[in-house]
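What follows is a pair of complexes built around chain A, which joins chain B in one and chain C in the other.
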Partner chain A sequence: MESRKNIFKKVNFAPYIMILPIMVLLAIFAFYPLALSIIKSTYRWSGTFDNDTGINTFIGFKNYVELFSDKIFLESWLNTLFFVFTGVAVNLVFPFLCALLIFSIKNEKTSYRWRVAFVAPMVVPSMVVFLLWQFIYDVDVGVINNVLKLLNLSKVDLLGRPESVKWAIRFMGFPWVGGTFLLVYIAGLSSIDNSLREAARIDGASPLRTILAIDIPLSKPQFKMVLTLSVIGEIQDFVKIQTVTEGGPGYSSYVPGLYMYKMAFDSNEYGKACAIGVTMLIVMLLVSFAINKLFKTESAD
Partner chain B sequence: MKSNIKIKKRKSNVLTTVVLVFFFILTIIPVYVMIVNSFKTPNQLLDNVLWFSFPLYFQNYADAFNRIFPYIWNSVTISVVSTVGITMIAALTGYAFGHYDFKGKNFFFMLIIVNMMIPSVLTLVPSYLVVVKIGIYNTQFALLLPYLATGSIMGIYLVRGFVEQLPKTVFEAAKIDGINDFQCFVHIGIPLIKTILTTVSILALLNVWNDIVWPMLVLDSDKIKTIPLGLLEFNQQQGANKGALFAGYILASIPLLIYFMLNLRSFMESLVEGAIK
Partner chain C sequence: MLNKIKKILACVLVVASVVSMAVKAIDNTKAKQIVLSFWGTNLPYQFALEGVAEQYNELQDEYEVVIDKQDAGNYRTWMGARLAGGNASDLLATTIVYANTDASNGYLYDLSKHLNEPNPYSESGRAWKDDFAGTYLTQVAYANDTSKFYCVPTSTVSVRIAINTDILTENGIEIPTKDWTFSDFRRISEKLEAKGYTALEIANAKYINYMVSWMIDIMMSQLKYDDITSYDVNENGQVETEEIVRAFTMEENPLNLSNDTDLKEVMEFLKIWSKYWGMGFNSRDDTSENFLRQTVPMMFCGSWSVSGVELTLNNENPEADKTNPYKAFNYISLPFPRLEKENYIDAESSYTFTNLKSGLPLQELGEPSGCFCIPKATAESDKIDGVIDFLQFFTSAKMAGYMAKAAFEIPVIKDVEVNEKMYDYLAPENSESIRMRFNLLNLSDGVAEEYHFKQVQMYLIDEISLKAFCKNIQNKYLEVTELLKEDNGWEW
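Moving on to the complex of A and B:
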């Protein structure tokens, strides 16, 4: 009797009560939707959400089969491939260059001011940034066409032509240096042991040589992180495209996320939309896994 | 010889500054476009968009204010409430995981953390269904509750890491004093984790403030729409005065700008912390 009481007393319920709110919230708004989207991806689920008036029947993998012979779906993945590769390229190069420059400033105050200057534009809401870029590209009153007019050149519709629209979207945010990636790189550079650079300098290495031999290789964890975040970000993000082109002209800037959104909320084909979502999840998991394998960082925290 | 090196060094400093200034100018082109064009009448806008047109037209700001302010207010309220809620949940849950040893601890923690891997796009459709089914569609709860769920995950991770590094002895004294677990959390835990809670709240605020897709899906009435939706509608209106639109963009940027300037140091640190962890 005595020992049973002891065991009972030993269990402290406080931590369970403390984690209860988040577990309940996640059950409703994360786990249930996740399970539902995987299950419903094998359903023809369309029309209304109401089971009585809408269609809701199990069809196995038919949604997936249909998607893989769907030209729009395939084109949207090709477009994503473009955005992933170009996005990774700019995020690996430009913020890192800028970080090297800011890091090379020895005066602590000046260096801090530069960091603030490049982070400050982040206070502009992303919707405003999208709309401003749309205006910059605008074919009638836009900034670029005003400049071209000054130079006596003819108008260009960068967002309106299939050949240029993807590049125009990529160049939104040019020169891609502001924001968190810059801070990540600077944090990485600051964590490199300075005696290494000192040794290189004494050995007569040029600044460029020091960057190539020390800064770049030792920033590997930061590169890996930026790589992962950019890939996942580019696969997921469709709001920017929805705002500036709605996937057009034609389907030349369609991406899977946008296709999923339209499939669900314009065509009311929820089951197929879930199937698109699941393919995106699978791709993202595979890519993260591959990056982790390729860039094994020994001292990852 | 020595002066030669100095000159070389100064040269490279000048070059660094020049390149940085160049980068910075390019970065703020959209901001510049926004400011310059916010002072224009529709006719001035047709004339040129690259530089100020005189006389400056201030009426845009008054027009934009009337139009945009309700949305700004909606965004501010939902952001503040969500941020406070997320921070509280992250503090409580992160503290529980960092401070206690309990059965199933690792399992529950994994269950929470695994959500970081699940893209929000994937669950967009079913989450929308949930919101409709439980009857919170087109209310602020349709934003708040999912934000509390998915927005707290990162914070929980950060708080747990922070609490684990605290010396246990700080809490031992409290146990002897005979206060219960929750009093211990409120009176001893919270003051100790204040710094990390600042980070959590800043990251939460940024996410909620900038969210576009979710509010677009679950909010329908103008009375509760947030600022991105308001701006989008304003932008799509045919014949809208573009100058007022730019003024509206600026007004929409001001709340976060003020917050940023008031919390500069912690803002910068939070961004790094949020990205690196």
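Moving on to the complex of A and C:
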């Protein structure tokens, strides 16, 4: 009895008690739904927890087998591949270029103002941005077609043609300088020891050479982070597609996230929707793992 | 000092508790609140709904009906989550597909018992169900058990071709009448096209505005008239889910769309016609903007769009400047032009339908709309009597007439006058309701419906062949009907 008391005295419980609420919340809102969706992906499940009604039958891996022979699902992954590659490219390049420009401003106040100018649009709801772009692309009243009309050129239906719809969706958000990634890059550039740049300059390196030899290699942790977040974001994102084209025309801009949403809420096939979600999760985990393996940040340090 | 503050705080807490208990006690004597949720952006409809609630609240003291407008884009997700969580509003706007799905999950209350009793707000004295005109009520019967009703309709919808008669007159074109044919329509279009107009616009961007599906159904109903009659086993004028499943899965001579001449001809015909719809029909959500700006003289128009058109034209600007580009004009809405055996396309071509019989009544779509359901959680609460009472009040002839006048709704209740602007949207003489849908509609599977819509989109823009289209549709029908057969244990 005495020794147990001593153990209680020796162990500091305060940190565990403090972390407990967040662990409980995580368990309820993150781990439980994750575990449930993995389990339910092996069921034909109509979403109800009431055993008397609805469908809740264990079917093993049938959902997965059906998905991998489903042309829509496979096409949606091909479309995602396009969005991932183009999304990663723009997120790696444009916010970094912008960060370099802002970082090169010597006057602190001006630099701050530019940072604010690029971050401020983050407060505009993304839905507004999507609808704005939908108007820009409109065949009759859109800016693009009105400019073409002024130039006596024929109209283009960018959102209504399979060959152009994905590019039109990617172009939404131009010039692709998202506030979050911009701040990540600026923070990265700020953390590089300035003496390195000074040394390079003394050695006669041009500004471009300094960027290529110092700024880019030493921003590797930031590039890695942006790459990982971009891939995950592009795989998960379906809101703009749902808003602008609903995956159309046909399945030209359909993505797995949208298929999952429709499967659950339009068809009540929650089991299959879970299977789509689990597939997305596995792909995201594998990609994140691969990125971590490929870009070991220690070497950059 | 600290003790003093503690005492004051304690006193404040005691007083606050007493006051809140008193308020709650007073509140309990107040009317019980019934929340009606709906989606949409149609302002006249919203105002009319509020008007109905106001009239009901004035009529009695026990319940207070509150109208709650939800975002149209997220309504289904919101509704599904609330129903699953057991905290949905007391009355929910729904569709036949949603109601079927939610009923199969056990989320909804069966109204059949009440429908067999008279509606206290009806002067007819007949059962509530008999107040509904035609087959509007039977069309919303539960797909898996047609004796059950998990929602009731409050209106119907129809589609027309709205025509700006001022533009036709200005260009010396004779205004067509209700019995016009497709050839008449094309000849008018040609004259308008010669004047530089895009004659007609159709919205077909998303499956919620799947206008082409209406055309397919109207045409298929004419071409497959005899077959459809044979599929209606219970002869109630409607080919219901079970009958559709039977048609596709019966052993002898099942319906096979992959080699169906009628479907092939309808799709070929639509593809030819789509050349004249104006660019962007697969990316267009709405056609009323160009119609209202008078840049397009004809649009494929659903009855639900009339209130918006009227609202704009009633606020017209004679100068039609940048602040308000809408100038009033005269328009009529005509039924879909009749098909003939041989249809004029242009000076060099025509289209012949192999199986079209002459003299058939015009096929009209009149799907039940404005449906409302009651969540099971409400049914188990002390508000259920009030909710049923309000629903009966809402579907009384008086309120149906009010909705028709104020919100341009087409009533589904017998002997109700409609808004004069909606006369064109009522079923014309020598017409009958479409009995069977050919686009996987109302088969309890939204993804399947969307599949049909997307296949049509792809066929119209040459992304898939006609053969592939028919094959894909047949396969999807078989997949859906086999599943429905298995789930319900249907045997014939």
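The rule is simple: the second predicted complex is superposed on the first by the 264 of 301 C-alpha atoms of A that agree within 3 Å, B and C clash if a C-alpha of one lies under 4 Å from a C-alpha of the other, contacts with A are read in each partner's own complex, and residues count from 1 in each chain.
Basically, a contact is a pair of C-beta atoms (placed from the backbone, for glycine too) under 8 Å apart; a residue touches a chain by one contact, two chains touch by 3 or more.
As the structure is a computational prediction, the values presented were derived from the model and not from experiment.
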When the two structures are laid over each other on chain A, do chain B and chain C clash or fit?
clash
Contact-wise, after the overlay, does A:Val139 reach chain B, chain C, both or neither (first, second, both, neither)?
second
Please indicate which partner A:Ser46 is in contact with in the superposed arrangement: first for chain B, second for chain C, both, or neither.
second
Touch check for A:Leu294: first (chain B), second (chain C), both, or neither?
neither
Regarding the shared-chain residue A:Ser37, is it in contact with chain B (first), chain C (second), both, or neither?
first
Does chain B (first) or chain C (second) touch A:Phe29, or do both, or does neither?
first
Considering only the touch criterion stated at the top, classify A:Ile202 as touching first (chain B), second (chain C), both, or neither.
neither
If you stack the two complexes on chain A, which partner ends up touching A:Leu151: first (chain B), second (chain C), both, or neither?
neither
Listed stretches 96-104, 132-140 or 150-158 of chain B, narrowed to the one that overlaps chain C:
132-140
Residue by residue on chain A, keep only those touching chain B in one complex and chain C in the other, then list them.
49, 141, 243, 265
What residues on chain B touch chain A, complex-wise?
12-13, 16, 19-20, 23-24, 26-31, 33-34, 45-46, 48-50, 89, 92-93, 95-97, 99-100, 102-103, 105, 108, 111-112, 115, 117-130, 132-134, 145-146, 148-150, 152, 156, 180-182, 185, 206, 209-210, 212-213, 217, 227-228, 231-232, 235, 242, 245, 249, 252-253, 256-257, 259-260, 264, 267-268, 271-272, 274-276
Residues of chain A that touch chain C when the two form their complex:
46-50, 52-55, 72, 137-141, 155, 157-162, 243, 245-252, 262-263, 265-269
What residues on chain C touch chain A, complex-wise?
73, 76-77, 80, 84, 101, 104-107, 205-207, 279-284, 289-290, 295, 444-451, 454-455, 457-458, 461, 463-464, 487
So, in the complex, the side of chain A touching chain B is made of residues 11-12, 14-16, 18-19, 21-23, 25-26, 28-30, 32-34, 36-37, 40, 49, 98, 101-102, 104-105, 114-129, 131-133, 135-136, 141-143, 146-147, 150, 174-175, 177-178, 180-181, 183-184, 187, 207, 225, 229, 232, 235-236, 238-239, 243, 257, 260-261, 264-265, 270, 273-274, 277-278, 280-281, 284-285, 288
